[in-house]
Amino acid sequence: MNALLLTLALPFAGAVLLALVRPLAVAGWLNVAISTTSFGAAAWLAWTVATAGEVAGYGFRVDVFNVYLVALTAFVGMTTSVFSRPYMQHVCRTGMTTERGMRIYHAMYQAFMFTMLLALTTDSLGVLWVAVEGATLATVLLVSLYRTPEAVEAAWKYFILCGVGIALALFGTVLTYFAAQHVLTEPGAGLTWSILYRHAADLEPSVMGLAFVFLLVGYGTKVGLVPMHQWLPDAHSEGPTPMSAVLSGLLLNVALYAVVRIKMLVDGSLAASASPHLAGHLLMGFGLVSFLVAGLFLHRQRDIKRMFSYSSIEHMGLMTFAFGLGGPLATFGALLHMLVHSLTKSAIFITVGHATHIAGTQRIDNIRGLIRTQPMVGWSLLLGVIAIAGFPPFGVFTSEFLLLTATMQSQPWLTVALLTGLAIAFAGLLRHLQPMVYGPAPEGQRPVAANMLPVLLHLALVLWLGLSIPPFLVEWLNRATELISGAHLV
Amino acid sequence: MSITTLPLLQQLVLVLAAIVLFTSFVLLAQARLVSAIHAFAWQGALTAAATAVVAVAGHEPHLYFSAALTFLLKALLIPWMLHRLVARLALDRHVDLLRHPALVVMAAVALVIFSYWLVLPMVRLELAFTRNIVAISLAVVLIGLLMMVFRQQAVAQVLGFMSMENGLFLAAVSATGGMPLVVELGVAFDVLVAMVLFGVFFFQIRDSIDTLDVDRLNRLTESLEDER
Amino acid sequence: MNATAWLLAIAQALLYVALAPLLVGWVRKVKARLQNRRGPPLLQAYRDLYKLFGKETRVAHTASPLFRAAPYVVFIATWLAAMAIPLLAVDLPTAAIADIIVVVGLLALARFFLALAGMDVGTAFGGMGASREMLIAALAEPAMLMAVFTLAMTAHSTNLSSVVDAHLAAGLVLRPSYLFALGALLLVALAETGRIPVDNPATHLELTMVHEAMILEYSGRHLALMEWAAQIKLLLYGVLIVNVFLPWGIARELLPADLGLGFAAVVVKLLLLGAVLAVGETVLAKMRLFRVPAFLNLALLLALLGLLGHVILEVGA
């Protein structure tokens, strides 16, 4: 319990503290320190859950599924803060933003971490909503940090689309509460996950089906499912790069986490009804469409961050599809994919941040010869893209292989669509990558001060996961799989 | 359960809910910003009034608090903030005409029917006298959405957003007798912060494109031709 | 149906004819007072009619027989429509022969002949008035029908007597649908009877007039009949609104005491409605003709919301 409270209190206190601290250098280090300690707290929490089982109380509940995401969130939050310190100092020096903007940036960074962790650990469907909406509010000012017309436009789109989406999710929440009130005797408990799960079979299926549609559209907007994805590429490309890294690596995961939790509930309620697989089929449909559409859009991108944000949509689509497919194999694969995608994508965004500083632009056409100017950045980008495209021996290959196997088992004809999508996405990434890394470097292109430690750490982890998944992680994912799909894999 | 069998107070709730729906239409079709803000304030006040009457009629004392909170936030604070923003942005006399008013209003009417059809399974469950209002509140939410789609003006879009929140609140009150207190406070906090941020954005948008006509925010598109 | 009922029905029909100028006089009087004028006496409308009946009737030499027939048709159609609306008592035989759809039809017939007569002589004003009248009618009629359907759905009958009866039987019920239907009917009534803000009954300004433009060529008893028909129409709408939405006081048994109470009640309600109308006309300005469609679209929207409100809120599923 202490570990849990500490995990939540640290970023909250950090947000307040960083809103007050004026000197930029201090704030940067402070951000790193707070993020590192909260990762420590999260690791402690994970260890507690691994050894002693569920941690619950004060309206929180941490089980194997969400503690895994808590640890991942805190970890990526930590590495990104390490990257963001020198990066944002550089940004500030070039005059893209002001000191005041930097204070907002640091405070909101921690506030964002807090809302993410709150959304993951809460036991209430209602608080989950409040936290996810809070995450939008915390990041929307960061997207418009540079105050260019494009940044303001992206932030406005992000704000409005996510606001609308999340409002629909609230309606779904109300419907769930309504269905729960019909069967529960204790008032006010109708939004608690643990109680809802116990009574899932009694919930009125027609109402829960309707609630699921609203919740899926609502949180699906945040996941970036097509056609509610419009905000995602804009917000990723116009915001500061550390924001892109955490949005892609964390926010999308948390939204997907919400969708999966809701699917578990609705599956329980619809099991005896006329359409028991409604939730799964909806997820598969949305997921597959997102996967294919994003893959196609990868080809026509001219902005490097936009391109990788489409790659994020593609991977979120794949995971949504896998969770919709259900069954232990697909669920295990999706959980693993969540992990490796977060690590790889945040590593890529960090590298891209350095690459854009080297080239002085985000236009793919003008980024050339990275490997000549700064071999470290060039190699990282190359390896990151190879990893995200699903090449062995990286972890993404493992998870995608598992997903393909699962699809082959239950819906063989969809494997074709998945393979085609993977090939399209692969081609889209590679055709842009080659000239950026190998092309001739323009005159006067100089290396920048870059802290590549986080990138190397992430890529090394992904490589490790690709070569051999450590037994404790298998055990962990296995238990989470059992929680979600009702059966364990190994 | 027909309306004639309900006590008078519960009938009053239904009447108030119906007027809330009507204010949604007024908001949708109102061209003058200041009048639209007034309509929004009325909608908030009516929502609060409906909540208070539900509290009296259904003997749910915790709803008094919700009603007071809604009244403060939706009928006083947010309209006041919007008024100040509009005054500071010199938009007092701004008129934002809908392009096809009759079509948009007909679409809104269609949404009302759609909402009714959507929540029929809930109505059949026959839980409380307020269950008929769920369709109305969903319609308010969807009309707010429609308003955000068809209005080009940033302030009008925010009004649409806020009226969606009104609809959601009404839904929570009518379907379930209000959400748990923590959630309700959290939602209210989020709405308030959102309003403050909207205010910040009005100035950022105006600084970047010299107008609050959000249609002009069109630099980020997916065309191959865009040269940035 | 016994003889008393028929006698009462005839008396009620005559009352419509007799009271109509009084309502107009009352509205004019209140309006004048609100504008700090003394205004014409309450009975001035009767004197005007008497004067017109005494005058020579001139007919343009381009006019067809239709022009001469139109005043009678308009007057009788309006009068027949009025008969179907319960004034003093429900359950009268006249109410049984016509329901609300027939009323709307009769009013449409009257309007049709009015517009034809306006165009008959071939003057510019007559044609303009007729075209404007038809524009307003085309928008007002669906709204009127929709509002009426809302009432009919609650009473499960299109007969006005049954509607009033059902309303009385249910006691005081706050119906959202009635609220919207009332709003819609008020707007429609303003448009149909040519009051501000749609038309100004007190002006002969060429650019804005609608009703006056159509009867510009009439004189003498023809004009009197046209004016009288318009007054009956105003009374008809007034009675429709007060007796359907606030039916309390109307006689349900044909006893003298009940009838007396019914008469007193309807007079008081009409006086109040007339005063409200006068206040409204004083406060509002006449709107441009181009705005009238928006005004009537609002009426249509209200009627539609009334209908939906009835289905969504008032019927147990």
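In this document, chain identifiers A, B and C correspond to the written order of the chains, with residue numbering beginning at 1 in each.
The rule we apply is simple: contacts are C-beta pairs under 8 Å (C-beta built on N, C-alpha and C of every residue); 3 or more make two chains touch, one makes a residue touch a chain.
Here the structure is a predicted model, which means the values were calculated and not measured.
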Far-end chain from chain C, centres as C-alpha averages: A
Chain closest to the assembly centre - both centres taken as Cα means: B
Gap in Å, rounded to a whole number, between the CA centres of chain C and chain B: 37
Between chain A and chain B, centroid-to-centroid distance (C-alpha), Å: 31
Distance from chain C to chain A - Cα centre to Cα centre, in angstrom: 66
Of all residues in chain A, those that touch chain B in their complex: 59, 124, 126-127, 129-130, 133-134, 137, 140-141, 144, 147-150, 152-157, 159-160, 163-164, 167-168, 170-171, 173-175, 177-178, 181-182, 188, 190-191, 204, 206-207, 210, 233-234, 237-238, 297, 300, 302-303, 363
Residue numbers on chain C that touch chain B, as the complex places them: 170, 172-177, 179-180, 294, 297, 301-302, 304-305, 308-309, 311-317
Residue ranges of chain B in contact with chain A within the complex: 118-119, 121-122, 125, 127, 134, 138, 141, 144-145, 148, 154, 157, 161, 164-165, 168, 171-172, 175-177, 179-180, 182-183, 186-187, 189-190, 193-194, 197-198, 200-201, 204-205, 207-209, 214, 217-220, 222, 224, 226, 228
Chain B - residues contacting chain C, complex: 1-4, 8, 11-12, 14-15, 17-19, 21-22, 25, 101-102, 105, 109, 112-113, 116, 120, 123-124, 132-133, 135-136
